[in-house]
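Here subunit A shows up in two complexes: once beside subunit B, once beside subunit C.
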Partner chain A sequence: MLLDLSLQKLLAGYRDNSIDPVEVIREAYHNIENHSQELNTLITVRDQAETLAYLKTLNKTLPLYGLPYVLKDSYATTELRTTSASKILDDYLSLYDATVHRKLKDAGAILIAKGNQDAWGHGASTENSDYGMGKNPWDPTRVVGGSSGGPAAAVITRMCAFAIGEDTGGSIRNPAAWNNISGLRVTYGRVSRYGCISYASSMDTVGPFAKSVEDLALVLSVIAGVDKYDATTSPKPVDDYLASLATSPVKLRIGIAPEMFADRLDSEIATNTKDFADKLASLGHELVDISLPVAKMSLATYYILAPSETSSNLGRYDGIRYGGTRALFTQESMRRIMMGSYELSSGYYDAYYRKALKIRTLLLQTFQDAFSKCDVILLPENPVMPPLLGDLIGDPLANMLADLYNTPVSLVGSPSLVIPSGFHKNGLPIGVQLVGPKFSESLLLALGHQYQQNTAWHTRSPQL
Partner chain B sequence: MTYQLICGAEIHVELKTKSKMFCGCKNDPFHAAKPNIYTCPVCLGMPGALPVPNKQAIEDCILIGLALGCKIAKVSKFDRKHYFYPDLPKGYQISQYDEPFCFEGLVKTSFGPVRITRVHMEEDTAKMHHETVDGKKVSLIDFNRSSVPLVEIVTEPDIKSPEQAKEFLKKVRDIIRTLGVADCDMEKGGMRLEANISLSRDLSAQAGGNLPNYKVEVKNINSFRFFANALTTEFARHSEILDRGEVPVQETRGYRSDTSTTVSQRVKEDAADYRYFPDPDIPPIVISNAWLTKIKSRLPELPTSKIEYLIALGVVESTAKIIVANQVMMEYLDQVKTLDPKMVSQAAKDLVNKKVDYQKLSPEEYLKTKSVSKITDKSILRPIIEKILSDNPIAVADYKAGKQNAFGFFVGAVIKATSGQADPKTVHNILTASLSI
Partner chain C sequence: MTNNQITNQDVQHLAKLVSLPLTDDRLNKLVDQITTTFEYINTLQAIDTDSTQETNQVTGLENIMREDVVEESRMLSQNQALQNAKHTHNGYFLVPAILE
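Take a look at the complex of A and B:
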């Protein structure tokens, strides 16, 4: 399949006319037709003829010329409706483009579909969608992961060349691992959030999904950078991420915190993560013991701050300006809105919200201390393998537990790279996360690339 | 029973920055040709849109704080204030809760000082229009005003009388106009007033004594006179209730200018819960010494010192106050002063008494009319006066019979006959002498 090729190989093929971008786009549509409906991968698909006509208008020298991509449906787009997987926005067509979409368009990439997700980002499974539960391409009886489940599945099933997810408490990292693809949660402020429907604004990040770390680096170099429409973006110059892959990192100190391998972790995932560490050691890196003492409070902290922010962010969907009324919120969204409103109410603010902010500050200190002893922290990605469809939705606490290793990173705003690291005996993929100090994307990508140059886990895809 | 009025004021002022508070839309809601033309995803609160604060507005807010004698925060932030209303598209207003840009100021009045609690920055709401369209009653929303920069000034309960309220509010308005950051047009809603009123038996309540255990909020006040009226009418209403041994209901009332009374709008069971929290879309704002110095350099001469300056030039205080309240008159007088300092007092009097149309007559032209030397030569004036007296024998007879106002008639006739060139004092002397014969 042409879509198995790396982005750089596709682009080189377009340039020397050995590959026709039309064929690649047809292949993507072919895979969409064959699998999207069955797996509930996409919410809205752009008309193929329109896509091909648009391709003709593009300048061939653009850096991402002709590459078809999928956006999570939380991004405002003028071409396709933006639902955030909620019937409240069922017929909402945005008047403007999200910055990430505009940048990709300007670089010559082509939006072909909007991916399924948990409505408003509320969930870690894509079960809480008003457009059907997202199914895992490796085992359609199991969840695809979430909340950015659709875009992740679209990459592994080759419905696109790459995709853009959104990660608040693990929404890129969790489905990347459960779909056997690479995903990057960026440093908070590295990529503009403008046009991304807000879930929890202080932790929402915009990041890429791709078949490899090399592809992530290319996409990130296009979407990163300061934006005058997002006051939380950083003016820090953007690194040359592709160039940073050229030299393999030497003797990095890889931090491993024993408390992160505790009782709630699936034993096979624990073993897999340790094997991953050994592989890094065999590549010349040094494994060091670190401690993340406050991290165990992260889940509780996250589930105070995120619902508080979401209760505020969703206030505008009051039935006056957007067609659907509040009765259309899912049970999970209503639960989070109720919790958040409660936690911000007078008398409870000090008991919950303010206390959570204090833990967040302590957590920042914890990670700062850890990064004084190591360059990169290795963490498991998911504590469990993807559950059967419907299991998590009836068990909200188990759903939250899926974010166990994700929320500490979200709270401190660090970048985290998730890459495939092997398979469970049940045949499903496992991923690990590499966490670095803020704005260390270059370092994480270089390390991930080095691993992928020496392993082949990331090249496997499911039999469909 | 004797009571002491206790009143605190809340003043909202729309800044006249070029763009809105959190987006690049034009800030000009009063002159917009049509509704909803100055709008974008940000001020319409569309999904995914984010606010970016307007630096100019923040500087203007701090400037107002400085002019009102406030301390300025070193670090400040914006908070979200949640409530449901159709004119609030995000479901929350971006405001400032516990860390306002400016705090602890003071404004002097002739009745005593009024302490300023805080001066903070927020965004205005959209404007609702309740109309009948095609026979149907509808509510329409105009977002031209949505997210216009709004400064809120809150005072301590230091206002003791309607007279003091008027003086205080005028002074604040004059200061803000002098800064040039807002027009304070009350009729259009560019400046909006609210009063928090209660009455105390403890006449020392304001001097740190116990405040009453209730408070009535009066809204919809769009002039200083109405503010004073509201205090007067509320004073009477509260006195009557308190005399009966009851306590006025804690509520929000609206002022009605047609009857000069207030009517109940909303009874507050409990303090409203706005679920304030720091807006995660806007990083905290650090006000460095360098930035503050730059803002301070914009502080012009303020009205209080301007009044003193005019008095020193020989202008009487009541006239000086009127001049200072009017930017154009003040500038006119400044120009007169540069041209001829001796004429300032006279020009001030002429401006206030509308003897000179400052919009048509330039200061130079004005001084020219004043500087033409008057005819004091008695040999020129005497024949003119004698002719007038002989032409009006009846008026002369009237005067001699005791009708004093006939004298004014003669003076007027002389001035007219000389095209205003006759010196009034000389005319007076000649007339007195001639008529006493």
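Take a look at the complex of A and C:
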């Protein structure tokens, strides 16, 4: 399949006329037609003839010329409706483009579909969608992960060349691991969120999904950077992420915290993560013990801050200027809105919201201490393998626990790279997280690329 | 209520505050779910934060300003602004009456 090729190989093929971008786009549509409905991967698909006509208008020298991509349906786009997987926005057509979409368009990439997700980002499974529960391409009786489940599944099933997700408390990392693709949660502020429907603004980040770390680096180099429409974007210069892959990192100190391999972690995932560490050691890196006793307190803190912020952000959906009525929120979203409102209310603000803000400070200190002893922290990604459809959505605590290793990173604003690291005996893929200090994307990508140059887990895709 | 059971009345009151209509079935489920979630969250009360400052944001940025100028290219026409509204009247948004 042409879509198995890396983005750089596709682009090189377009330049020397050995690959026709029309064929690649047709292949993506072919895979969409064969699998999207069955797996509930995509919410809205652009007309193929329109896509091909648009391709003809593009300048062939553009850096991402002709590459078809999928956006999570949380991004405002003028070409396709933006639902955030909620019937409230079923017929909402944005009058402007999200910055990430604008940048990709300007670079010559082509939006071909909007991916399924948990409505408003509320979930870790894509079960909380008004457009059908997202199914895992490796086993359709199980969840795809989430909240950015659709875009992740679209990458592994080759419905696109790459995709864009959104990660607040693990929404890129969790489905990347459960689909056997690479995903990057960026440093908070590295990529503009303008035009991204807000979930929890103090943690929301925009990041790429791709078949490899090399592809992530290329996409990140296009979407990163300061944006005058998002005041939280950093003015720090954007690194040359592709160039940073050229030199393998030498003798990094890889921090491993025993607390992160405790009771709730699936034993095969624990073994897999330790095997991953051994592989890094065999590549010349040094494994160091660190202390990071933060998983449980981070999850509790996250479930104060995220509902509080979402109760405020979703207050705008009043059905007046756009969208349907608030009765259309799902039970999952209603619970989060009500809990957040409670945690912010007079009398409980100190016990909940202010308490969470203080614990965030403790977490920052703990991570700062950890990064004084190591360059990169290795964490498991998901504590469990993908549950059966319907299991998480009925059990809020289990749904929360899926993000056990994700929320600490979200709260401190660090970047985290998730890459495939092997398979469970049940045949489903496992991923790990490489976490670095803020703005260490180049380092994480270089390390992940080095691993992928020496392993082949990331090249496997499911038999469909 | 950091240590108390959340009641049906609490949830009904919250639903009213955030303008969410609840069916009885959903109300009962939400009472259970919110109680369970708060049991987990309440474990934080054991952590001593008396001398800890709050962290409100993690960008490290302060006072990001822009010129206060109108960007005409981003302005919406009246028709565009109304385009996604379900109910309009004479070029205005129609809002539900709040007075009897």
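The rule is short, and it goes like this: the second predicted complex is superposed on the first by the 461 of 464 C-alpha atoms of A that agree within 3 Å, B and C clash if a C-alpha of one lies under 4 Å from a C-alpha of the other, contacts with A are read in each partner's own complex, and residues count from 1 in each chain.
Everything that follows uses one rule, which is that a contact is a pair of C-beta atoms (placed from the backbone, for glycine too) under 8 Å apart; a residue touches a chain by one contact, two chains touch by 3 or more.
These numbers come from a predicted model, not from an experiment.
In the superposition on chain A, A:196 makes contact with subunit B only, not with subunit C.
Taking subunit B and subunit C in turn and counting the residues of subunit A each one touches, the greater count comes from C.
Of the two partner chains, subunit B and subunit C are each touched by A:232. By the touch criterion stated above, A:321 is placed in contact with subunit B and with subunit C alike. With both structures placed on the common chain, the touch criterion links A:264 to neither subunit B nor subunit C. In the overlay built on the shared chain, the residue A:15 is in contact with neither subunit B nor subunit C.
Of the two partner chains placed by superposition, only subunit B is touched by A:308; subunit C is not.
In the superposed pair of complexes, A:344 makes contact with subunit B only, with no contact to subunit C. When the shared chain is aligned, subunit B comes close enough to touch A:76, but subunit C does not. By the touch criterion stated above, A:60 is placed in contact with neither subunit B nor subunit C. Residues common to the contacts of subunit A with subunit B and with subunit C across the two structures: 92, 95-96, 202, 228, 231-232, 311, 315, 318, 320-322, 341, 345. Considering their complex, residues 1-2, 10-11, 14-15, 17-22, 26, 29-30, 33-34, 36-38, 40-41, 43-45, 47, 49, 52-61, 64, 66, 74, 76, 80-81, 83-87, 93-95 of subunit C touch subunit A. Residues 74-76, 82, 84, 89, 92, 94-96, 98, 193-198, 200-202, 228-232, 308-309, 311-312, 314-316, 318, 320-322, 341, 344-346, 349, 353 of subunit A touch subunit B in their complex. Contacts from subunit B toward subunit A in the complex involve residues 41, 45-53, 80, 82, 84, 86, 89-92, 271, 273, 275-277, 280-283. Against subunit C, in their complex, subunit A makes its touches with residues 91-93, 95-96, 188-189, 202, 228, 231-232, 234, 296-297, 299-301, 303-304, 311, 315, 318-324, 326-327, 329, 331, 334-335, 337-339, 341-342, 345, 348, 351-352, 354-362, 364, 396-397, 400, 411-413, 438.
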